[in-house]
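A, B, C and D label the chains in the order they appear, each numbered from 1.
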């Protein structure tokens, strides 16, 4: 069965895969029409504006802090996303463009070694200068220059796609900005909120019942076919022979995870991968990263501050090691990324992300009652999109025939294809039009500061 | 195409897959016949004896040293392999057996957490007691007890297979003993030889010409079908859809690798995986682990001491990061473990390991002129077996349907299925009857103290 | 010879030892007079105000940064000094006082374990909340409460001395604030200035000629006699038998230190203490911390940004290891703290700190031409006070009969009397009325981020 | 009071200060007489032989192990002491001498940077070659060459003193060999004995009563006057003004220390130096290094294996931090090294070391009942010599006028005069004729693997 031919073709419209991001799949590069320029400009402005909306609750001090090597200061995210447009669009493709401040090329390069040694990642939090107001001035300068370029210069579809890449790159950093500030605030004994929120309504109905979605064996096509925007690591589309499997209709809940914990899950080496056991032993981990027990009551640090643990909500901020150990304890396993993708194609309705708990929902955390957010939505989407990135059992490796871009932007994804695991589905802080079913996120198996959760799978049908 | 049905069935005899190791694939456990006991006893004695032959050139001091956390002292290998038989056979299955020394259960447990916390791996080299003579006494005691058990007690085929596992386990440690002592000796400025050897004869003919073996796309069956002995991680046999590929007919040579090095390969971040670049930068690596440059001449530390670099021999003691960077530089890639296995099934003759450079060849290093070792052998085996373990592009993960054994011995392979890469083919220090085409070895991508090398692959046919 | 009896008694007035800080040496505690309260209030307000003047050139981001474990964020210094008054004065001695914010007791405790486990020193830079404006509000609240307490409550001389201790504590943090921000700014490739300054005038005359001050052997009295304010570690006054010695009339200059460097000083292990050699080898040090060579020209990072190295100025930001190695290279040694103190008593004029290069001079760096700053001053003070803290050869240990205060404030000095070296004299960022000849500063021998320099001594008269 | 003039001159014979080690204090170097050569040869042979006697209970494996960076393998001690004679006597002063094996110059150099970069200290335990038998052959070769040189070559008193230095150096390594092997054996869960010993007899009488020796203030002379052999760091002799003090007549016992422990001594930060508290917190120390609690009973690892804690014996293997914290808890302090020396001069009888518990006693641990060892000895020596090295409150720093030797042997003592504390008195594993009252041993304050103990002092007379 070739997935793209067998399923309702309506599912596979551009809108579903990537609902609003523009993209040009023309074989030959061509000049953009005026309408296309306007659409692109609108998208650019919307996304750039959204970043600045996200920092409104934050002070210059909040945006200065780097709370661990994996995280970056908010101010750095603001500057780096601008650096991306300056470095890959304006500098090479906007004739006569002068760098805003040459030292920024060094300071705000993340990891593009082809462009010179980046400023030490570990020291990003030490850059008190430029100040926040200076970084915002840098942003606004870049905005103006891109707007001028889009309206005045010759813009080909190739370059337009590069701009679309920059827009998607900015969206990735919107999510990182929130995950990083969550980590920073969590260290502070004052437990400050990013944004105060009303406590959730009483949850009378509990989490949805877990059903098993069963998928037959076959050769399926997976990966992006290049008709809509996708990162290079999502392609090429290719066939996979898939053995039969079942996959859960929802994520594992806090209640279920608490049962694992209370059953001694963190003290039984047999449940853990060897590296996972070494990791939790060395770090003294005995609960999810943001859980705190006080007086026998479990609480969870959220972007609305410390809150009672919502037992019906999906368990979040879980490392791959924890996800894998939980699955072993429960008698299941994690799905491979291909199983996840095949099941998501088969079970997600068109535009499923429109009724998913994502950045625009304003929740900033995983919730049980998605129906409460979207009362009119069918609940058949099985939480594939939104809420939490879902760890898969798949190591992050290239698809057959994968080739990274030969120029500097080619350092984007390929060089990380070792030691990391694939996550799928987006989270409550992923912008809604940024996610796709073919989207491959990746993190190291010990990392838990992202909005990550667990979906179970199994072999016995 | 199902590989097992399409190819010459003669290839798939027990001999090729696993030429002499015994195995019982009966569905139901049954008692062993006398002949079977004799065969098993002979195999046990041969392998146990071979271990002691290997340590003959070594002093008590040599066998005491642990030169890095990844390695273990030779004396520890001698004791741990005995511990395995005592723990998994004698203690549970030999009625009335008394432990030789109860503390050894703790000291010589490697990583079986289900049996209690093992003695710290990092401190194995600090155990001056038991002395070598005491460890050898422990070995001989275990030998006697196993022999008695095999001849006097009731031995079922299930238990026989457990003993076969112990024999294979001992063979793995024979290889580790040599790789570990090589590392230990290499640190010593006296550069001592494990075993002096005549310098190789002049190599007039150079390395074999590299040919590309081309394999068409299809669904292939890979993995062990359980008819001969195999580790649990080699199964279940299952189908894979394979895109078309080509694979090199021999390993990359020192000459080719030197060209990479001299072209600045270690100074170009674009050739390296991100983690690989971080690793070589942090450690200051600029050449393979055992290469030394002196007066403009490259030398290589071998088990015969420091030797001039043999340019025609396969480059050895290479990390996965180095292998991957070399492949990028050369314009190719590494094969996946499935590509390697499919190609090996198609190109290896029956009993190919009999004419491969393996432990019994007594070379203890990779050589170019395998023909010199085996003048009568056809050279069509493409070096798939022996010489060096070959890094594949595949992360070490479970096959579909993999289940680890539920008891303590189940910690053998499954819990390492994260962060490591698969290697295939065996090496010049692997016992000849230990290797199989389906054999999956695995190490972390930065590790280079094993006898590891590079085979290239590509997509363009 | 008892120093206090033999020398001109005019030298030993309160003014010289501690020119303006108030202190009550009454044997029995008594209530303060109105005038005394006013004097104390004035001093308190002046010092608290000076701290806020010092941060005027700094942004919230600058004050957030902690650039190494030894340093603290400026914002933390602002809060911690307020915490000191709240914890040691208001909470125990101002009836009915309510803590401003209870969590601050934990957040802004530096190292007083008797008051509970302090917030991790390594994470001070991660506390984005309270924000700068909130910390300033905390400061102003404490100011108001202390002012109210001083004017309305019963204040005894004992408590007045505790307040004086708090004032001196605040002055210590004024200096630390500047040394810490200098370190933070130095890491930034933009090399920002704390405060722009005119480049120094051409230095035609060079550094003063070095003379040797010769001191005869005798029993001398050293240490504070308790008649003026002093930290507990400065007493008791006691006798020392001193062998004859000579001591330099000025500090070692950049020119002299550059000669050491260019003579291979950093490459000759024989010049270094064993721990010093290990330290510079491990860290790769080959020049003073703030020196940068660019195009063959040496520059120095200062609080006015990157500047050409002033060859006549004293070499600054030198570790004890560097100071000791330089002295060995020069054929001399460092003075003991007792030699320094005896020489300073004998050679400093009354009120010598009034014409020393200290915080109020506004230079924020060591200068050669002190005469240019104070054209009317005699130059006979031999730079004992101001410019740079001078490493002595003395380990920081208790004086005979030393007793730390039995309550929480007793953790102030005594518990650091191990592994550190004594420095004497104050620096260009020490408040002028904070220094005394008996003042004992102390840092670890590898530390160089303070304003530290070298004075030589010798035995041959 | 000048100590040397006031006390019974009989105390200051060569025998007391350094009972049998030879030494030439002639102002001008002169050739040795035959008798002198014979005496020197006898001493050399006795000490070299004693080293080999000490290793008799040890296997090649025991002598291979390096259990921590501070320790060295026994085999390395055997080789390094030979290297010392080869490097400082034979190579420069025995014409025509050929190095035994040139690589040994690198391998067995400890820390003499002037002689080239030594082999990494951390890797001494990895040198399996040369084997023990080869190292013993090296020793015997050196012995023969020194014997030949002493009998055949021209030997001046200067060179004789260098040989005496080598002999004393060998004695230092005899002690280190035992402390290092004790540490290595202690890590082994088999708790092996270096030498089995009868359990001590029942201790009915308990430890001696603690008396306070009171010493009046005065100017005292301390340090070696150079008339007998002493290390360079023991001189020059010089005056110290000493305030009055009292000092304990015996060491602190295990019983007393246990009381400190049971009173929560390891949990009260106020008792500890700041660095000490950080150290025990980081390392999780809650008892002396070799204490183990099992079933509510305290045991102590000794060179005779694990033994019940002898409550009357002096507490041993104590870090300076522990000693200082105990003293704080007890309401006393540690003596300075000058206080210790003055008291020892005043209270030790002539040849006190002859009735002290030292290496030749064969106890290899601190004992309470020294009288049992020496029934005829007076007990008035106050345990100043033998049993345990006693931590003093003095940082290890040069005496006034100290000059290290200008040649390579000058790296012996001076370069360690930073960050370490002075210990006095020798221990149960110090050779009897190696100790002197002026002897200054030194270790880092966190180190506890030496035989170290506590003597209290105080100010209140």
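Criterion: a residue touches a chain if its C-beta (ideal position, glycine included) is under 8 Å from a C-beta of that chain, and two chains touch if they have at least 3 such contacts.
Everything quoted here is computed from the prediction, not taken from an experiment.
Engineer: By the touch criterion stated at the start, how many steps lie between subunit B and subunit C on the shortest route?
Structural biologist: Minimum number of steps from subunit B to subunit C: 2.
Engineer: Would you identify the chain whose Cα-based centre sits farthest away from the centre of subunit C?
Structural biologist: B
Engineer: Where the centres are mean C-alpha positions, what is the separation of subunit A from subunit C, in Å?
Structural biologist: About 49 Å, centre to centre.
Engineer: Rounded to a whole Å, what is the gap between the Cα centroids of subunit C and subunit D?
Structural biologist: Centres of subunit C and subunit D (C-alpha means) sit 39 Å apart.
Engineer: Provide the C-alpha centroid distance between subunit A and subunit D, rounded to the nearest whole angstrom.
Structural biologist: Going by mean C-alpha positions, subunit A sits 62 Å from subunit D.
Engineer: Find every residue in subunit C that makes contact with two or more other chains and list them.
Structural biologist: In subunit C, nothing touches at least two other chains.
Engineer: Report the complete set of touching chain pairs.
Structural biologist: Applying the touch criterion to every chain pair yields A-B, A-C, B-D, C-D.
Engineer: What residues of subunit B sit close enough to touch subunit D in their complex?
Structural biologist: So the residues of subunit B touching subunit D come out as 59-62, 64-65, 67, 75, 103, 106-107, 119, 123, 125-132, 184-185, 187-190, 192.
Engineer: Which residues of subunit C touch subunit D in their complex?
Structural biologist: My answer: residues 111, 113-114, 219, 238-241, 243, 269-270, 272-277, 320-321, 324, 393-395, 397-398, 400-401, 411, 415-419, 445, 459.
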